[in-house]
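The same chain A turns up in both complexes below, where it pairs with chain B and then with chain C.
Let's turn to the complex of A and B:
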């Protein structure tokens, strides 16, 4: 099997699975219980919080655990908008955000908030000038992802933070770092965001676990209440085994970050070179040159991405036509639309997303398979 | 030598059963795809989720398309209450609940109150029971939701859910029940009960933490709590926790298949503990209904002692118990539930919750009774209140 869909989800590391399994059956205490089983669970929870905080140079008390990236994003956007609503109703976002952001913002706009989009270039980079122009005294929230999930575009979030804070100190800045974490450094001291969302299963950790960084002093209304867990910000019995698995996955992934990135770059380059050599003008690269090394989005002329996807699957090669969250809809990706990719190309877009487990040989096999299907289709 | 650990805190959380873990593991190691992907790993994940949904539906007498997986029981409660309130706000803004609900129900109600909703708290009797007639009387033309728990987390009292549901139906008002403590301990049949919304949590019945489900009767409108991707038929976004969902369903299935034997076993342990405690320790009171209670729940109050001291001393003997719900264990206030059933503050402070589970034995219960008798005696001998009381009696 060749798995080139690591931006949808990843295979949990073996040690992570072992840890989660052991904690589920042995260290099962409720971290709120006062007896020793509870205290042991709480110790695991707090040491994991510290570990994860360190990976982004945050303080442990700035970390809130959630059920996933989507919950973190919902909480950050809806929760900070609710907390800030007296200061204004204007929200800025990039148009190429994940649905977790866009749908949360849609509910906010239905509640009377004004959501405006920041312009992006042909690769999805937000235009900092446009951001600067659009920030108003009543702008309460700006939302920009660190890395786009479909194109791999790295957004200038640090520069954006500088602009936002210099224009309006009170404006809250949320960064969706679900695709960035473990792939490129995320450092809260340099990034200067108020909220940052993270997900475990994108970095070889368990599904159903996420975290939200909340800058000390930032204000938020909780999404889920009752029980007062996570300093009253996110209630519900804490999923200690899952969180511990996330912690181990994160430290493992970050320790391999450089190496994984080099592997991904080689695999990516090899795939691209092979495809370009054989297909020439029938290939269009949608991802930016300076994008993240583990994502490559390419369009093929004259063939629908669904067909490529199913053909590759028959060869035991797994890719995606966009984000997994979209794949049950027929509409073209909002990201490709927003960056202005012509529809005849957008229809044939494939996202390859790599991990440190992939090899150049796999890239060659995959490229050959694609060349094969394209030649067959073009003959017909 | 490893210290003996006896766990009598199953209402706080349970361990994951080996069979449940075995069911989950393949979805960690082999079938790790994203269930929303269109290719085969994604499809096999999708099938695992749909099979799990069918299993859960069967366990509670629902249709598969009425089951929605969540990240916890608390999320399911929040979703049901806030979602229903938001969806029906044009009809009215009045919500009815009881005075002994879990914080996962009370907190969303308080949140809604701040948003301009009107909340009525129905009182309970000395056993913790809600009278359906009180619900009937409290319903107004602008009532949009009634939320009353199926079984109480501290005192174990089981509410007359079917009767309350009938009252709600008569008035055309939505009815939600928090069945987090009931699931896996007593039978649940949503159609027989007649409820519209019902919440459950995986880690209370030997399933994984971080999993829950909300039953939404077909046709019932509620707004979503978590927006984004199109998972859970557009109603709950977020990449599905496939291993968690599989484990949740497996645990509920095992619990349901084994319900009679489970009930019998826990009931016997509970009765043995109850008889032992009442025989060996004077000035003790049972909290909650004598019969209408969860089989594994025992909640008692000891006069002249602090619950926290009992807990600490039990812990030193290897016995893990609780003074109330784990969720409020950091708080110094006495339990709102014990106060609601009419306990004076000092007695509420001296309460102990013991919740039995499948791995407990009669021998452990006997050890507990002996330890408790010794601990209570010791604590009372240090208590000036007890000294005064004894002097008064003489």
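Let's turn to the complex of A and C:
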């Protein structure tokens, strides 16, 4: 099997699976219980909180555990807008965010908030000048992702934070770091954001676990209320084994970050070279040159993404379609649309996303399979 | 007081000797569909079918959900069966109305009586009047309204007496298996399941054919068609789904035929393969979901060219319907939600930018000559996978 779909999800590390399984059977206590089983679970929870906080140079009190990236993002956007609504209604976002952000903002705009988009260039980099121009006294929230999930574009979030805070110190800044964490450094001493969202399963941890960094002093209304867990900000019996698995996955991934990045770069370059050599003008690279090394988005002429995807699947190679394209519906990816990729290219877009487990040989096998399908399907 | 179900069918279809055949088939179908709920007795008398069960686990509510999908049933009612004795009728009527009022905010009612057993001492109007009085005395908040009552209390006096207040409409049509068999070309879309349902409603058994473009389309597209076939099979008595590998034919057509004729030639091949399968499974016709003018391949010119590919009659029950009319039926028969799942089907693999809307039959046949038809069809039929769906 060749798994080139690591931005969708990753295979959990073996040690993570073992740890989660062991804790599920041995440490099943409710971390809120008063007895020793609860205390033991709480100790695991709090030591993991400390470990994860350290990975981003935050304080343990600034970490809230959630069910994943989507929940973290929903909580940061809806929760802070609700807390800030008396200061203004203006929200800024990049147009190439994940649906978790865009749909949350859509809900907010239906509730009366004004959502405005920051312009991006042809690779999806936000234009800092435009950001600066659009921040107003009533701007309560700015939302930008650290790394784009479809193109791999790295956004200048540290510079953006500087601009935001200098224009309006009350404006809250949320960064979606789901695709950045474990791939490039995320450091809250350098990144002056109020909220940052994270997910566990993108870095070889279990699914159903995520965290939200919330800078000390930031205000938020909880989305989920109940028994008052996570300092009353996120109720619900805490998933201690999953969180412990997240902690182990994060420290493992970060310790391998440099090495993994080099492997991904080699695999990416090999794939690209092979495809360019064989297909020439039938290939268009959608990802930026300076993007993250583990994501490569390419379009192929005259073939639909889904057809390539399923053909590769039959060869045991797994990728994502850059756009979920259906002939009878216009479902081209909003990201490819926002960066202005022409529709005849967009409908043949494939996203390859790598991990430290991939090899250059796999890139070669994959490229050969693609050349094969293009020869079969494209009319000569 | 025994709770049973009384089933009515439309006698209008049933003439002479046929009547017994229809009735027997309907009873067999009911038995087959209900036996999974437990021991069940299905009998008939005086053009009515009675469903009874002594099995304490038998779920009458579940049975009624299943009955709504059996063709040939005009309506049915959950009824209480009691001895034909007027004292017993009065006593049970009070108990039944009391139970009904606990769950429904009824204010008005009327009694309707039918006396099949002329030896019974009261005639129908007398039963209505007297039983109405009994109910009024026991439930002072109820009033009689003969024109627009909240509920009607029905009394049918036969060798036993049946008390009920609910009439539930059935799927109508004719019992499955009384009208031969036809083969449906089933895609994942909205139309073809509706077309199959409409023909099945007339008592016709179904088989279905699905064209699968492995490895270019998703396994989810296939799962979706299996799901649609499962929904259809709830109405008919199970069916076979023939999954035809279609990729090689598509690639060959794509390579050898003009772009604007790809779709029409592909559709002719689908018809030819479906006909081959239909002949093997004993079908007397094909069914498609075509609606005139809906897309380029469904103009009268295109249908003429498609139809020419086969000899069996092709039934197109949606020919005269608008899309929203089809959607309405799809929602009612519960295929709509599955049909709109967004997976690529075989038709999306090769789509010309401008498919011909008025194809010529002569040209089509000319263009097709380059293809090795016999081999392509033979291979496709040979490698067809049959999925049995009950």
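FYI, the second predicted complex is superposed on the first by the 370 of 380 C-alpha atoms of A that agree within 3 Å, B and C clash if a C-alpha of one lies under 4 Å from a C-alpha of the other, contacts with A are read in each partner's own complex, and residues count from 1 in each chain.
The rule we apply is simple: a residue touches a chain if its C-beta (ideal position, glycine included) is under 8 Å from a C-beta of that chain, and two chains touch if they have at least 3 such contacts.
Values in this document were obtained by computation on a predicted structure and should not be read as measured data.
Visitor: Considering only the touch criterion stated at the top, classify A:311 as touching first (chain B), second (chain C), both, or neither.
Guide: So A:311 only meets chain C here.
Visitor: Please indicate which partner A:98 is in contact with in the superposed arrangement: first for chain B, second for chain C, both, or neither.
Guide: A:98: touches chain B, not chain C.
Visitor: Looking at chain A, which partner touches more of its residues: chain C or chain B?
Guide: The partner with more contacted residues on chain A is B.
Visitor: Looking at A:74 after the superposition, I want to know if it touches chain B, chain C, both of them or none. Which is it: first, second, both, neither?
Guide: Touch status of A:74: first partner only.
Visitor: First (chain B), second (chain C), both or neither: which does A:158 touch?
Guide: A:158 sits against neither chain B nor chain C.
Visitor: List the residues of chain A that touch chain B in one complex and chain C in the other.
Guide: In the superposed arrangement, which is not itself an observed complex, chain A uses residues 306, 310, 313, 324, 326-329 for both chain B and chain C.
Visitor: Can you tell me which positions in chain B touch chain A when the two form their complex?
Guide: 5, 7, 9, 12-16, 18, 21, 25, 28-29, 32-34, 36-42, 70-75, 77-78, 102-108, 110-111, 201, 203, 208-211, 225-231, 237-244, 308, 311, 314-315, 320-323, 326-330
Visitor: Going by the contact rule set out above, which residues of chain A touch chain B in the complex?
Guide: Answer in residue numbers: 5, 8-12, 14, 17, 20-21, 24-26, 28-30, 32-38, 66-71, 73-74, 98-101, 103-104, 106-107, 199, 201, 206-209, 223-229, 235-242, 306, 309-310, 313, 318, 320-321, 323-329.
Visitor: Give every residue of chain C touching chain A within the complex, in rising order.
Guide: 214-218, 251, 254-255, 259, 342, 344, 347-351
Visitor: Using the touch rule from the top, collect the residues of chain A that touch chain C in their complex.
Guide: 304, 306-307, 310-311, 313-315, 324, 326-329, 331, 376-377, 379
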